[in-house]
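The following blocks contain the structures, represented as structure tokens.
Two complexes are shown next, each including chain A; its partner changes from chain B in the first to chain C in the second.
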Partner chain A sequence: MSTLVAARPSVGRSKSRRPASAPRWLVSSGALVVAVLAWGIASAVVDDNIAPGPLEVLERVVDITVSGAALDNFASSIVKILAGFGLAMLAGLPIGFAMGRSRFLSSYFSMPLFVLGNVPGLTYAVFGLVIFGVGATGPIVVSALVAVPFVAINVAEGVRSVDGKLLRMCQAFGRSPADVVRHVYLPAITAFVFVGVRYGFAMAWKVEALTEVFGARDGVGFMIRRAYQEFQVADMLAWTTLFVVAMVLIERGLAALESRLFAWRKDLA
Partner chain B sequence: MTATAIPPAPTRTGPAPTPRRPSRTRALVGPALALLASVATMLLVWQLAVVLGDRVPSLADTIDRLSAEQASGDLWGNVAVSMNRFVLGLVVALVVGTALGVLMGLSRFAENALTDLTMAGLAAPAVIWALLTTMWFGFGWLTPVVTVFLAALPFVMVNIAKAVRAVPSDLLLVARAFGVSRTEVLRHVVAPAVAGSTVAAVRFAIMSAWNGLLLAEWFGSTSGVGWRSRYWYDANQLDGFLAWVLVFIAFLVLVDQVVLGPVERRLTRWRSV
Partner chain C sequence: MASIDISGLVKDYHDRAGNRTRVLDGIDLSITGETFVSIVGPSGSGKTTLLNIVSGIESHTAGNVSLRAGDRDARVGYVFQDPRLLPWRTVDQNLSFVQHDRDGWAERAQHYLDLVGLGHLGDRFPAQLSGGQQQRVGIARAFSVEPDILLMDEPFSHLDAMTSRTLREHLERIWLESRRTVMFVTHDVTEAVQLSDRIVVLAPGGHVHETIEVDLPRPRRASDPAVAVLQAEVLARFEVLEARAAAARAEVPA
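Showing the complex of A and B:
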């Protein structure tokens, strides 16, 4: 297995950007416009219910947003994710700590974490539905299971990043274990935990949405499933668009928060 | 989406870097013992789930069902069908994704133009591709192949672009100034720099594509591993479903540990020296 979940916190790297020749926003929005135009032309050529054009989808997006359905269902999905992440933290912190401290436990947990992190979403969705039924519990447990490896592996990386000399010095000066955890480990692992949450979030939300596709009473995945069953492709695309936009915004928000919160950790750059 | 195109682009999914440092005395015994203990623990947890959750099938039932599938020819037949679709979609995604990724790595314009689209592609859940392709192409081979392609493509692009950016341009200049031959430069400067991210590209592409394949076959196919697992699910025979889940997981572990792991270790050997 490779080093795939553990990512170094991205602190402070953004300043290394080279100066751009054409304004970035101009090029990227130009590319988006071209992509949407291509989509419009394709849907005009196909001219069928199963390939609605961008305008039609935009109309549905506006309808869904104005009617409040978007807010309700996204809020419901996100609350489930947050609950799942809470559980994942409870399990992931001690596991990650143990992995960072002990080579044996690190090998011990790596296989189960690999399995948890890579089991296809379909499996989670089906078992979430079969075991917990239609309701909030399934998506919550599923997103917790998906998030645990991200949290644990990044906590382990954080613990490994702690300077051994610092620990020996704490010992020499008779610091209590509580002090060591509070002043040495905590600052070291928070940045890593944050990265774990940032990357885990996307995975967890996708699997959570999939679980809702299989069985739920509300949430984004449930709405996509309903649109699919009613053969409303425009609705499916509208919900997907909202999902993608929300995901990108949350990712960017978390990334911005991360570089602000951990700007003091120049050593991580 | 995770590790995306922004500079710090890291890495996502698949757990696990146990640092593989050159051996101590117990270097071989320790991990083997740990692996054994962890497999034992997983089986124990499964057994607990069987006892506590009334709908979880037991290990023995699942294995029975798996061997029944094998005896009836459904196991390898469906695996072969799925592998065809999987490899086809994956290879196309790798070729197209590599071309676009190299472009993104080399040209700032291409990077600016494609980054947002790739981010959107990374954020879109595979299930939406599976449902859309089912509506578009019906129950044919195109549904799983296109889903596999779309699920893998953004991951290939992001990681290949990252690999290209990792090539140290100053070393290339030095090499040119000293008249180092092109093959030598490729072998000693470019290859080590791009190896890690290239393996990551393949790995993420496989993980994401496999997930997409299963969903596409679940919703829009009448053959293949995804369809077969749905067959048991629809028949309310969870041991049959779980037997196929074992196959799914076995495939991923096989790819990761037996194929990509050694390749990666070989490619990154120079780092630990």
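Showing the complex of A and C:
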């Protein structure tokens, strides 16, 4: 958990000028194509059911998507993660705010949060099953526990980042404490919380999927386990592919939302 | 009519070892009506501390400070050394944030933004403005609350000479139009002469050294001969005070 707090959101990013080269997306796509080709060749060499080729997996991806199973199971997983994340925000916001304002509480909470953030995902998954049994509660609680440290520590950083000069400006203009929280603290924290949400979400989803493998009746993790039990390797890979695609889309969506929300950071062009 | 009344004002700071440093030592000062008063003084004479106490940002050790407008408490506007704008709010939203009186604030904000030449930039974020433009927003913000009293803490000290000269002209023009009671802290004697009706010189140790009345016609330009003569005279007196302060500092054993 070395990167609970990502780099401080930079104010006024400027575009660096580099010599003209191939666009980044082209290079990344190239890497993907090379990897898929290598997979295709390896699969052809092995020529066995345990190593289905990319085309076979793609076919399964299309089937799963068209049948509606992908939407049902992703919706089920995402609802659980969102519920867990909601709980994490409820706990993480006040804890982070307290940590940002008080050195004592910062010391008090730092170890429990460190432990929460460093417990292996598998432990969460197993305990989720033992304590809550098969069902939705385990994955929800587990994703909440995984996300709390990300939220709390980033909120604390956000509170610490609030400029004392701005607070004195508010005092000089006679602003109420409610105004100060709404217009100074919350916007300052939002940038940091967003970083916490992006990292925490990715983390929470991985652990949530793992929890579904052990104790769920639906969801992406559950589908991967079912494919495994039926020795459907192509299905396992198809679900994994869908999982990765969904994560990339969500990450990109959050990044786009971030640049909209934080338009104020843009420098004078 | 607005007034700032300060009597017997004392401010002490205590370090961790309990040693006391007296920053302001019995200041008596009264500013009444449509007067522009500058507070000048060498470093360490307590100018900014005085302004912070008047605005309520800092507490004081002894004495009285009263800011009145007729029979009610005065409304105060403040211009800081740095702009202190909320970076996540647009220029318009920054002005909106400080309003006590929501009625007609948009027109007031637009009016003062127009006066500082930024009427067309209300939807920009502070990071999209230059330092001089941000400071102009700070000035418009202070005027937009229709303050009875305006407090200014070296508002042009972080700007280049050209920009600060332009902003001084903006400030004088707005002040001539709106005529507030102004307390303006500066270390720049020429600026004080150009803008003020009265200059209060603080001495090291935090007491009033002398008060200079500036009776020159407005608007004033830095290049006006009468302004230049008075600037030279005040500067000469100020230099004597600074030399005395430096000598006093040198005498204090380290």
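Note that in this section the second predicted complex is superposed on the first by the 235 of 269 C-alpha atoms of A that agree within 3 Å, B and C clash if a C-alpha of one lies under 4 Å from a C-alpha of the other, contacts with A are read in each partner's own complex, and residues count from 1 in each chain.
Here is the rule we go by: a residue touches a chain if its C-beta (ideal position, glycine included) is under 8 Å from a C-beta of that chain, and two chains touch if they have at least 3 such contacts.
None of the values given here were measured: they were computed from a predicted structure.
In the superposition on chain A, A:168 makes contact with chain C only, not with chain B.
Applying the stated contact rule after C-alpha superposition, one finds that A:39 touches neither chain B nor chain C. Contacts of A:224 after superposition on the shared chain: chain B is touched, whereas chain C is not. After overlaying the two complexes on the shared chain, residue contacts for A:263 are found with chain C alone; chain B is out of touch.
After overlaying the two complexes on the shared chain, residue contacts for A:184 are found with chain C alone; chain B is out of touch.
In the superposed pair of complexes, A:74 makes contact with neither chain B nor chain C. Of the two partners chain B and chain C, more chain A residues are in touch with B.
In the overlay built on the shared chain, the residue A:251 is in contact with chain B alone; chain C does not reach it. Of all the residues in chain A, the ones that touch chain B in their complex are 1-10, 13-14, 16-18, 20-22, 24, 27-28, 30-32, 35, 50-51, 103-123, 126, 130-131, 149-150, 152-153, 157, 160, 195, 198-199, 202-203, 206, 209-210, 213, 221, 224, 228, 231, 233, 236-237, 240, 243-244, 247-248, 251, 255.
The part of chain A that touches chain C in the complex is made up of residues 11-12, 165-166, 168-169, 171-175, 179, 183-184, 187-188, 190, 262-269. For chain C in complex with chain A, the residues that touch the partner chain are 55-57, 76-78, 80, 82, 84, 86-90, 97-98, 100, 125-130, 145, 151.
On chain B, the positions that touch chain A within their shared complex are 1-4, 6-8, 10-19, 30-31, 33-35, 37-39, 41-42, 53, 55-56, 108-109, 112-117, 119-120, 122-128, 131-132, 135-136, 199-200, 203-204, 207, 210-211, 214-215, 218, 226, 229, 233, 238, 241, 245, 248-249, 252-253, 256-257, 260-261, 264.
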